[in-house]
Every structure is written in structure tokens, then in C-alpha cells.
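A short write-up of the structure that comes next.
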Amino acid sequence: MFKPVAVRNIPRADQAVVDDLAQLGVATVHEAQGRVGLMAPYMRPVYSDQRIAGSAVTILAQPGDNWMVHVAIELCKPGDILVIGVTADSTDGFFGDLLAHSAKARGVRGLIIDAGVRDTRDLKEMGFPVWSKAIHSKGTVKETLGSVNVPIVCAGVCVNPGDVIVADDDGVCVVQRQHAATVRDKGKKREEAEVAKRVRLQAGELGLDIYNMRPRLEEAGFVYLDSLDDLNK
Amino acid sequence: MFKPVAVRNIPRADQAVVDDLAQLGVATVHEAQGRVGLMAPYMRPVYSDQRIAGSAVTILAQPGDNWMVHVAIELCKPGDILVIGVTADSTDGFFGDLLAHSAKARGVRGLIIDAGVRDTRDLKEMGFPVWSKAIHSKGTVKETLGSVNVPIVCAGVCVNPGDVIVADDDGVCVVQRQHAATVRDKGKKREEAEVAKRVRLQAGELGLDIYNMRPRLEEAGFVYLDSLDDLNK
Amino acid sequence: MFKPVAVRNIPRADQAVVDDLAQLGVATVHEAQGRVGLMAPYMRPVYSDQRIAGSAVTILAQPGDNWMVHVAIELCKPGDILVIGVTADSTDGFFGDLLAHSAKARGVRGLIIDAGVRDTRDLKEMGFPVWSKAIHSKGTVKETLGSVNVPIVCAGVCVNPGDVIVADDDGVCVVQRQHAATVRDKGKKREEAEVAKRVRLQAGELGLDIYNMRPRLEEAGFVYLDSLDDLNK
Amino acid sequence: MFKPVAVRNIPRADQAVVDDLAQLGVATVHEAQGRVGLMAPYMRPVYSDQRIAGSAVTILAQPGDNWMVHVAIELCKPGDILVIGVTADSTDGFFGDLLAHSAKARGVRGLIIDAGVRDTRDLKEMGFPVWSKAIHSKGTVKETLGSVNVPIVCAGVCVNPGDVIVADDDGVCVVQRQHAATVRDKGKKREEAEVAKRVRLQAGELGLDIYNMRPRLEEAGFVYLDSLDDLNK
Amino acid sequence: MFKPVAVRNIPRADQAVVDDLAQLGVATVHEAQGRVGLMAPYMRPVYSDQRIAGSAVTILAQPGDNWMVHVAIELCKPGDILVIGVTADSTDGFFGDLLAHSAKARGVRGLIIDAGVRDTRDLKEMGFPVWSKAIHSKGTVKETLGSVNVPIVCAGVCVNPGDVIVADDDGVCVVQRQHAATVRDKGKKREEAEVAKRVRLQAGELGLDIYNMRPRLEEAGFVYLDSLDDLNK
Amino acid sequence: MFKPVAVRNIPRADQAVVDDLAQLGVATVHEAQGRVGLMAPYMRPVYSDQRIAGSAVTILAQPGDNWMVHVAIELCKPGDILVIGVTADSTDGFFGDLLAHSAKARGVRGLIIDAGVRDTRDLKEMGFPVWSKAIHSKGTVKETLGSVNVPIVCAGVCVNPGDVIVADDDGVCVVQRQHAATVRDKGKKREEAEVAKRVRLQAGELGLDIYNMRPRLEEAGFVYLDSLDDLNK
């Protein structure tokens, strides 16, 4: 059942944990929490070389209607990230330079939107990072109610208000708030483990040996041939 | 955080309510609950003229891996519907005639899958309705754990185990279990209201008059011209 | 410049010509007018085995807003076809059984819509043919003005009010009103020419000979080899 | 290097083997040959309930140019299937009722085309099965040379002239000619093995038990919970 | 009816107006003319940070055939923009560095093409901005006639020869020539109005207050909750 | 028939020829070999301004499974390029910074993958060029055998081990090893021929004259009109 509401107070993860998750980046965080929470690959950064994390202020918007964005900005705190899901497919430009200035003035770190944005040159110049499904100048109306700070689905992932969003050039990942610290810890361990592997791989050692894959390949029936001509012999 | 679990016991909506929701159909149910819960339009019936409802047994599957479907079927009760979400985009054929026979033997009413299926002629002949993203013969493996009866996202909608699924030629809608009866009641009222309107419209009366749209059009600045030549005058 | 208007009176092609165009079908009509006017292949019939033609009553709609459909139905005459273009991408269900009953009561022959429709089982049962981009239960609002009977673009083709629409299982083609009779005449000649060719082809004669392609192939440097082994000799 | 050639003589698989492969159907054949050779899921039948197999006469066509189809038809023998790959993306209608009559007169069993077709109602009425990427009335020209009976790629699969094509409602699969008999034999064994499983599954026995999955699930760390509330305990 | 013609003389908008429209940019121009004329969001710049406007020299091309581009370049004047629509879907590379040099030598400001281009590194190095649907090296032929300087549809918008094209990182917008000055004036007013709003939003004032949204939200039934737990109370 | 094998020794083209092909670039190479061998336009560089060529070490991977990449890296020699085809559609991230370090340590020049990659910022920083269908953080498993150095299809093109891969901002082209020198020679001639044309075009001379198109246009029935008003006269 749809109810047009805005929830004023949401729990947020510890800011130090959030910032650590940004450092780890999307690929590591996604692995650390068991390969869930990753948005669809059509979510791309409007401009590259950004890596952010923050607490989700969620918006359930109607297609082509950005009324709820204004409601949401009032409820944001510094360090938050706006996350917009839409009740039906839309590529309209829900968000442009005016809203970006407003959000930035409230300390919002960025925007994740399962629809379109516009004024992309301004967004880049002012340093407001956005991940979106589309870039389109088509404006929106303010006619139909949605909700703010309710659970939403954005690009295939359920987002609860206060969940941690991590976004970089590889995409966008959602970390459930209650698991943020655990995921951070696992991610750090994972990163440390990779350092050693990276050095060995850079030195020319093979994954086949580092991960001891040869026996398992043989057991599975994998065969080495000297030449392609041997394939049909 | 991902945990590989199966939940044995899930709450289910009252069967009479579920059956009423099937009668109402997707479009009416979707309106009745305030236009939320509708899966993406790429979800299409494998064969048409089916209209079902049931309680969701949910599966979180890995791409190209249908291991969890076997786990889920054991947990199904008559009247259930299997609902499969995948952790990444996949068009592989997760489900074919053998699984359909197994599911049907347990009383499962149908399948909703955000991926592919195969053996579609058999599915049609045996009368096991399926809504899917793709039809593809590519089989799957049974190597990586997922979960059963946890909250999932399927085709853009969050589905909790025990939610009511309604599916027909118009697509697939999810009704939260705790609101099923309310939605049913609202849907029935809506349907009754439409009966009268349908009769008036069939008789040639105009929506402009039935919904009293003329004053609002005028107020909004809408203008009638006698001919297209008047447009640029 | 957008102006929210409805044009009451539009010119229409001669009904006999329109009906002849329906008989010819989309592929022949498209060829006869020099291979222009064909809508994009994503426009598919909601149910198959329909072949219609009619005069276009055009609607410029806003995404997710079907207000203008009500305005348009009043302006339809028997034999018309509703053609809906949208100012931005939308898969919402702009049209369902109530509007279909209303349109049918006014003698409208069908609907062409560059967006979604719903109640598809009803549309089929009542015999109201529809070609659309999507099937989706998501309803629309009535909040933002569009226009009726102005030039629009639908699925990649410009449609003027009063143009002839031809639609069948192969798609949708637009014939400019002022050329309708000429296209009809050319289409008939084309059809007659094809009858003779069809008989010869059915009898096993080759297109290579009927169209005298062999000299041109040779002139262009086309070579016959006896076996694939000769290719790299 | 492109060479505009047609190869007159191609090897073909034994007709009895080909017909057996048709009986097995796409899903079984694809499994039997180790899950390779399956065309992309966008290849769909123009009309359903068809199941065919035949020897591939291959066409490398230029986008929007069906000249080579005429060349190919002359080289077909009864039991062949035309398979068309295009050197760039195209949805044009390369093939319609005239070519279908010509192909049928030569004993061709059907068409597989990585592009569009038209006159679909005629194709259905005359019983000439087609699998295609699109349905579009846009005709093609006869201006640029391609090749016939050379290796091509169609919908993601390499097809050599004389390979066996199997197509049904589940899609299209390519069997390399030299392995046709082996695949047929493996497919039959697979089918037989499935008969027994099907009976057990229809009787309500579980895949978990038939395939002895329970120990492996436990070993992999899979856990059963009594209720969803136990998930976060 | 298709006619293979080139129109030598086309009306053009005042160059000062055209240049003002470039300054305003796509998003503002699109709003200023009432949210029509915007091309589909798949039209993307080949390289970013460009903002141009010019008079459209239109090309109706056949798929995979760039013959008409040569015809069009002769008819261009300094300040023009080439706009290419295709009669069917095509991603071929119609335009590369040679044509770009030719167009640039005639004073052409850029290219808008509903198909593909190639030699993109050269285009960037020589400073010839392009907006296209695809980047693809597939070359085209010069075999089938199209038209130059006739009305076309490009990426969902009707373009008449001499219309003003505005293109930047947000996409491409078409302004009808006869309305160019009016749209410019409205765009400037809109831009001025935004300056003040931008300052207020940057200072942290809320859109809710600037646009006086609170009463309308309340009237529409929008409710504020203190916490998400209150939602189901 | 699928066989899980790795072929140790593959033929490679002469390194000087390979390097010449890189210099020529994709568009020229594709033309020089007669417009075949070009991958689909969805293959895009992860970061731009790269131009490479190398010998293909091919990988047939299962969807969501990168086991074979480890096998392949061992078989690479300096100057090789990894080319990955997948047996079904997948956007998973098969390749990230660890594998890139490993490949780079073996002298691999880049990666072509018909699926997804991750750690894209690292790939750019370390200078390991990649062309892919998607960017996605979703990791892969190592459970199901594929093959290495067998013929594969990647993005619509058949690639044999040892074929030459050319990739730049315009896309990816495959040159059959045995034709590499011929294609190189033809490409150089083509490039030289273009130099003269480029100079003439830059000087304002028209393609219409350079290619002597005017007589053929007239012969084909192409007509010049003075104004658009003459079109319907």
C-alpha cells in the first residue's frame, strides 16, 4: 500500500565507518558483504574519478515528477546521499543545477537516481557527483505525491533510509546500516590480503599457482593440448 | 550481508483473499494499492490468457545457478508461487519441464523469474504458467549458494516471502501480505465503480463529461481551434 | 513552441482509399510510397491477426499523463485511429479497457501508441486492436496539458492529423493524406505484379533468373566456388 | 579478408540424424553437446509451436541488402535451412512472402535470420517457419555483394555451411556437422534419463533427494532457519 | 511519398539569435519552448564539453548509405549543422574524418546523426563536435538515393531544414526557425529568474519555501512521520 | 561439442605487421579487409585514447565464471591480447586489478571481453587498456570449465587463437592471422590515398566532385529544387 509520507528521523551509520567504506570502493565492499547490494550496471557516473559514501535519504518518486526531491532535501544532514527510485521506468531529467546547489548547501555528498539528470556540465563544475540511468534535459512536474525515507528499490537493489551508499567508477553498492561496521572490517581484511597477492602477481607469479588451481582443473577433466590440431584427433 | 539460508516457515495471506486478488487482475490490484508493487514491463507471460495469484516463496539465486530452486520447492505449499530474483543480470534458462513437474506436484501455481526459462512448449502443454524476462535454452549449474524465503528484488520490486503475487497478461504485481485484505476490498470497490462508468462510456458518453474535465482544461489554459491553420495565427 | 490546443476539424482521406490501403497491408503500402513512413520495429500488436487502416487523430501526450486521450476521443469520427506520441520515453499504461470502450463507441478503429497499454485481455476480447511499445499496468495521471490534432512524432515517424494509418502484424505505416490515393494505386499495381512472380517462384523458378541477376553478379565480381576448400587457394 | 563468393557444394549431415535432432529439441540438443552453440535469446519464432532441423546454407549479408538470399536459394536442397548473418546490426525486413515461396519450392525447411522479416501473416499461413531478431516491413536493396556458404556468425554463434540447425519455441541451436551423430546419441540418452526423473518428480519426490543435494548443501554452509526472525539473531 | 531531391535554398534564423541559443544551452532552451523538441537520450556527444547551435541542413539517409551527406555538404553555409535521420535503424559509421574535414572547410559547426560515426579520435583532435547514437567503424555505401533539406525525424523529433539545433552535454534540442527569437527571449528571462533562485538555494534556503510548496503538500494529503516505525501504526 | 581444453601453442602473426595494424587503426583496417571482422558497437573502451594491436589468446568462458582467465594468462606471450567470449549473456565483472597486474606482468597488451570488468580506475591508472560490454563490480566464481585458445565468438565476430586484434576509440576489429600482412598492405595504400583526398577536402573541394558523383546522381533520378515549396508542385 502506498502512503504519501516523509519520515523525519532516520538512523545513520557511524560517519567514520561510512568514510572507510568510501576508501574501500565499490568492488571491495561488494565482495566483503557476500556479493549482494550492487545496483545494475546501467547506473553510470555523470563524470568519472569520483568515489563517495554516505547515508541514504531515500525518495520514492513518480515517473516524470520531482516534487519529492524538494521534500527530501530539507531532511538531509551533512554526509547524506540522495537515492531516488521511481515507480515506473523514466529517463526524464529529475535533477539539475538548482537542486544540486540546494543539496550541496545542505551538505549532501551526491545523488543516485534510477532515471535521468540534466545540467551535467554544471554538476561537474560545481563538484556534485551523480550516478544515473540517463542524461536527459526533459524536465519534470510537481503534481503527484511520492514518499521520502521509506524503503525503495533503486536499480534493482532495495535501499532502506540510513543504509550506506558507496559509489565510484565501478558503480553503486548498498550496505545495510546495521552491517556497515562488519562489512568495513571484512573489506579491510580483504584489501590487506590483496596487497600481498598483487605483489606476487606483479612479479609474474601465476594465479594458477597462488590459488593452487592445477589439481582442481585436472580433477574436473581439463586437458592441455599442444596445438589446436589435436582438438579433433 | 549475504547469508546462505532457507527459511522453513513463512506467513501466508488468507487463501480466499489471494483468490479474490487473482479475480481482480493486475491492473486493478495495482491501482487499488496506490500504484506501487508493479514489476518492470519486460516481465512477460510465456504463454497468454493466464491469471493467477499465490503466496510468494522467494529465491535469491546467483546468475546462471539454479541450485536454490530445488531447495525452495521442498518448502512450497499448495497455492504458492515461486519468485526468483538474481544477484546479477542473467538470461540463462533456470527452469524447465522437470522443475515444473516437481513444482506442480507440490501444488505450486506458477513461476515469476527475473531471468530465463526453457522447455516452453512443455510448460504450456502441462499448464504451468510462467512470467519471465527471457526464453533461453542455456542451462544452469548448481555450484553457488543463494537463499530461500528471504526478501528479494525481482524485476524492480521488493518481494518478501509470503507476499501475494498477482500475474496476468498485463504483467506481475506484488501485494504486501499484511495489506492483502485491504487491497482486495479497495480493488472490489474500484471494480464496482468501473462497471457503471463502462456502461456510460459504451453508450457513447464522454470521459470529458463523466469526469467533469472541461472546467479544469479551460482553467489550465487549454484552447480549442477550428483548424490547424489557426495554430500559428 | 508548445501550445496546449485541440484542433476540432481535420481533413480526412477518402474512406474507400483508406479501406483499400488496409487491404494492401503495411509491407506493400510502405514499398508503394517509396519506403518512408514506417514506424520503428518495437511497435507490436497487442494481439495478432489484425489489419486495419484509418484516419489519424493525433495526441501529443506528456509522459505518464493520459489527459489528452479524453479530449481526443470527443473529436474522433467513425473510421479514425488514435495515434499517441509522448514528449519523453514512457512505458506507462496510458490506455485500458474503459478508454477502449469509449473509443469504440465513437467508431474508432484502433490505437497506435508510442508507450504502454493495459487490460490487454479485455482489449482482445472486445476486439479493439492496439499497436504499442509496451504492455504495463502502471496507470497515468491527468495533470499536464498536451495537444490534440497537431503534428506529432510516433515511433520515429511524423504523423499529421488526418494522415492514413495502416497497421497489421508487420507493424505500422503512415501515409500522408494528400498522397493516399496515389499510394493506393501504386500499391495495387505492385500487388498485381507480385501475383505473377509468386506463381513463378512457387513453381521453382529462381529469383536469380526472374530478376536477371546473373550478369550483374558477375559484373560485380561475384565468384562461384565448387567447395569451401577453394576459398583460400 | 572478405571475398564475394558462393560455394556450390557443401557437406551435409545424415538426414536421419538431422530429423532425430529435431525430435530432441533445442534444450536437449544444447545440453547434449556440452552447452555450446546456442543463439542469443533475442532470436524468436515468428509464429510458435514449430520444431525443425536442417542443414545450414549460410549467407553473409550486408545490412539492408538481401541480394545474397537469391543466390543462396539456388544452392539449397530439400531439408536445408537458410541461416543469415549480417555484417552490421540491422532490423530491416530481408525476407518476405515471395522469398518464402521460392525457398519452400526448393524444399527449404525454414529461415534463421539475425535481422528482420516481413509478411509474417503470409509466412504463418503458408507454413514457413522463421526465427528472427525483428519483424519490420522495411525492404532491402540488392546492391552490395556478400557471400553464400562461408562460415558466418549468426546471433552470437559461428555457423559453418552444412552444420545442423535445430530450432523450436526455446530458440535456435547449431550442431557442428561432424558431431551431429554423437550429439544425437547423447541427446537420446539424456532424454531417456529424464523420463525416469520426470516420473519421480511428478510423483512428488524432490530434486534435493533425487540428486542427493543435501550433504553438499550442508558442506557448503547452507543453513535452515525456522523463521525469518532468526536471520538477524 | 518519397522523392529523391535536394533543396538548394533554405531559410535560416538570425545568426545572433542562434548564437544566443547556444549560450542558453539545451536544458534552458527546452524549457523555454514548453518542453518540446528534445531528441531521445541515446543521442550522446562523441566528446564532451561542447556547446553549439546552428541552422539545420537536413539529410534523409537510407540505412548504411551516406551518399546524401556529400550532396548536403555542398548546400551548407557557415554556421550550419548537419542533421541526419535514417529510414530504418542503423548503427553504421556514416561519417568519419574525411567528411568532417569537408564539412569543416564549408563552415559547418557540427553533426547530429541518428546512427553511427567513426574516426572519433580525429573528430576530437580537429574539433568537430558530433552527437550520435553509436560509434562504429562499419563503413557505408553510396547506392541508394535519399533526400537533402526535406523535413526529417531525427531521434524522435521532426526537424525542418533551417530549424535551429542546440546541442551540449545534456543532449540535442530542435527550435523551430520561426520561433527562434521568441524562444531566445523566454530562455533569457528564465535564466535571469534562475540566478536569484540559485543564490538563495546556495545559501541553504529550501525549494519547499522558495516555491511555497508546503500548503499544497498538506492539501494533497502528504504526512510527516517522526520515524519509519510510525508508518504501519 | 564442447571440450574443456587449453591449447598451449598457437601461431602468431609477425610482430611488425601487428604493430603496423595498430598504427592504421580500426576504421582503416576494417575497410582494408573488405568490411568484415568488426565487433558490435556495444564494445567500448573503459578509458579512451588507446590504440593497440596484438595476437589473440582466446577464452571461452561460462557466464559469471572467470576460472579460464587464470589458465589463459600462463599461455600468453608479450604482445598478446586476451579475448573473452562467454557462452551466454553476462555483465558480471570477470576481470579486475589483480588479473590486470598478472596479465601485464606477462606482457599482455590489453583485454577484449564480451562481458563486464571492474576496478576500472585501477585499470586506467596502471595503463592496462580494456574494451568491454559493461562495467560491473559483480565478481565471478571459478566452478565450471571453459576452454582456452579455441575458436570463439566475441561480440559477433569469430576469433581464432592467434588472430590479430586491433582496438581503439572506434571499437575492435579482428584480422585473420593468415591475412594480416595483406590487410596491412591494403590499409597502408588506403591511408596514403586518403592523405591526398583529405588535403583537397580541407581546401573546400567537394566529395561530389572528387568522387565524380554528379552524373550518377542525375542518372539515378536525383533532382535539385530551388525551394521546399517546389516539392509538392
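Letters A, B, C, D, E and F name the chains as they come in the text, with residue numbers starting at 1 for each one.
Keep in mind that, in the parts below, a contact is a pair of C-beta atoms (placed from the backbone, for glycine too) under 8 Å apart; a residue touches a chain by one contact, two chains touch by 3 or more.
Keep in mind the model is a prediction, meaning the values are calculated, not measured.
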Where in B-F, B-C or B-D does the A-C interface recur, with over half of the contact pairs identical by residue number?
B-F
To bring chain B onto chain C by a C-alpha fit, how many degrees must it turn, rounded to the nearest 5?
120
Centre distance in Å when chain A and chain F are each reduced to the mean of their C-alpha atoms
30
What whole-number Å value describes the gap between the mean CA coordinates of chain D and chain E?
41
Residue numbers in chain D touching 2 or more other chains?
3, 35, 38, 41, 87-89, 91, 136, 138
Chain-chain contacts, ordered by label, are A-B, A-C, A-E, A-F, B-C, B-D, B-F, C-D, C-E, D-E, D-F, E-F
Residue numbers of chain C touching chain E in their complex, please.
1-3, 33-36, 38, 40-41, 60, 87-89, 151, 153, 156-158, 176, 179, 182-183
Going by the contact rule set out above, which residues of chain A touch chain C in the complex?
62-65, 87-92, 136, 138, 141, 143-144
Which of the residues in chain E end up touching chain F in this complex?
3-10, 67, 69-71, 73-74, 91, 93, 96-99, 101-102, 104-106, 116, 118-121, 134-139, 142, 145, 149-150, 161
Seen from chain A, its contact residues with chain F in the complex are 25-27, 30-31, 35, 38, 41, 44, 49, 51, 168-171, 173, 194, 197-198, 201-204, 206-208, 211, 213, 217, 220-228, 230-231
